[in-house]
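There's a structure below that I have some questions on.
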Amino acid sequence: MFQYNQKVLFKHCDPAGIVFYPRYFEMLNDTVEEFFDSELGQSFSQIHQTASIPTVQMNATFSAPSRLGDKLVINLEVCRIGRSSADLDFKTYCEEQLRFSANSTLVYVDTNGKPNSWPDSLRRALQTRLQGED
Amino acid sequence: MFQYNQKVLFKHCDPAGIVFYPRYFEMLNDTVEEFFDSELGQSFSQIHQTASIPTVQMNATFSAPSRLGDKLVINLEVCRIGRSSADLDFKTYCEEQLRFSANSTLVYVDTNGKPNSWPDSLRRALQTRLQGED
Amino acid sequence: MFQYNQKVLFKHCDPAGIVFYPRYFEMLNDTVEEFFDSELGQSFSQIHQTASIPTVQMNATFSAPSRLGDKLVINLEVCRIGRSSADLDFKTYCEEQLRFSANSTLVYVDTNGKPNSWPDSLRRALQTRLQGED
Amino acid sequence: MFQYNQKVLFKHCDPAGIVFYPRYFEMLNDTVEEFFDSELGQSFSQIHQTASIPTVQMNATFSAPSRLGDKLVINLEVCRIGRSSADLDFKTYCEEQLRFSANSTLVYVDTNGKPNSWPDSLRRALQTRLQGED
């Protein structure tokens, strides 16, 4: 399981003093980006020279609010790997408390937006992180 | 059905030249805000003096990418009204093409984040926009 | 003088209940984008096919805070047109009160980021909006 | 001098593949927030219980573009401390290359937005970081 630390910053919070939920999705994108870079060994800057990995589905449940200064830990797991897609699962905690959970589907596409098979190196890297495989 | 127009602006787009999906959620929030203000007659600035309406659930499917300059129309429908919650449905088109669909659950909470019954005026206003009632 | 209307939305505001200043710069970018599109007749989507217009300088003074629901009017004036650059001046009001003033310098660059002379059509359009010319 | 590391992430970049300049201002805000927390020993969450520190002036010069994956180092210096204000200076590098420089003025205000003298503890902490004092 991959973990990403994110303190709740001033920019994330709304007039009610809690995280504005579109900012949570930015955090998830940052988590995926760091996962590809440091865990899979393929940075977004490399990947985006010839491809892209748009999110085609996102489901999220926000179970408790997060406030300025909260230290969040975002846990990412790979649930499924398809020919050109992958399903990710996210659980975000502050200490013991679940703040939000989410799952998403990414698709590997060429520069015209057409789905492409995962390159072998990326597929192999993803495979080793598949839930239940580690 | 409530409609909100949103042109895809430079700030919405990522290095792949398409809308960065967290920006879509900002658009949905803007849509809800305008719906409450112009359709329900209750602005967010009024509501947030004594309450808040956080989003506790969000499911979204992005079926086709949107590009700089695209003229999006976001359709909002109220699907369900609970004691202190409401379910919304969103369908976003560019001309005839569906770009993304989403559904969310909002909860009416007091300034401490505790769910509260919808105030009568808000409930009545929501009720008249309930899908199938108009 | 070009005018752009922007209501202060929930997404713009910080935990102190006022506009988070990086959001003001997004508003200025939206204003420039709309100015190019509707006033100069050249949309950002057209321009960005072969060029880009990065901001190379920005000075801003925030004289009074803006709150959720405030109706801002952003006034844009062209102050100077160079070979490949232009200086813009912004004054933003809510009713009679100045909220912030800013000036920026844009540069017309090719897709490699190298400054290029303004295309004739753009230069002519900018010229007719030059302060003191209208 | 305080240093803040910020990798250029996907969310920061525009369709031209470079950092969208309002995102630079978010980075500066993050830098100030971390400076107050880790250097001055006063977190934004503590400060915002009774006060706020809005930015009232910001000047920035963007001298070279930044791209996805660039590792930026933001250097912050305190230049001047007034009764209720402070001037900050920022220089942002990627390796040896200056990417942008900026200076800003912050004001310490109460919850009604009225300027207040810096609390003694904050003033003393700021004073020890005043440029030329260390």
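All chains are identified by letter, namely A, B, C and D, in their written order; residue positions are counted from 1 within each chain.
Note that in this section a residue touches a chain if its C-beta (ideal position, glycine included) is under 8 Å from a C-beta of that chain, and two chains touch if they have at least 3 such contacts.
Just so it is clear, the model here is predicted, and its values are computed rather than measured.
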{"item": "Interface with more contacting C-beta pairs, comparing A-B to A-C", "value": "A-B"}
{"item": "Inter-centroid spacing, chain B versus chain A (mean Cα positions, whole Å)", "value": "23"}
{"item": "Chain A and chain D: spacing of chain centres that average the CA atoms, whole Å", "value": "28"}
{"item": "Computed distance of Cα centres, chain C from chain A, in Å", "value": "33"}
{"item": "Multi-chain contact sites of chain C, meaning residues that touch two or more partners", "value": "10-11, 15, 20, 22, 26, 29, 48, 68"}
{"item": "Contact graph of the chains (line, ring, star, complete, other)", "value": "complete"}
{"item": "Touching residues on chain A, where the partner in the complex is chain D", "value": "9-11, 26, 29-30, 33, 43-45, 48, 67-69"}
{"item": "Residues on chain A engaged by chain C in the complex (per definition of touch)", "value": "10-11, 13-15, 17, 20, 22, 68"}
{"item": "Of chain C, residues touching chain D in the complex", "value": "15-16, 18, 20-23, 25-26, 29, 48, 52, 54-63, 65, 111, 113"}
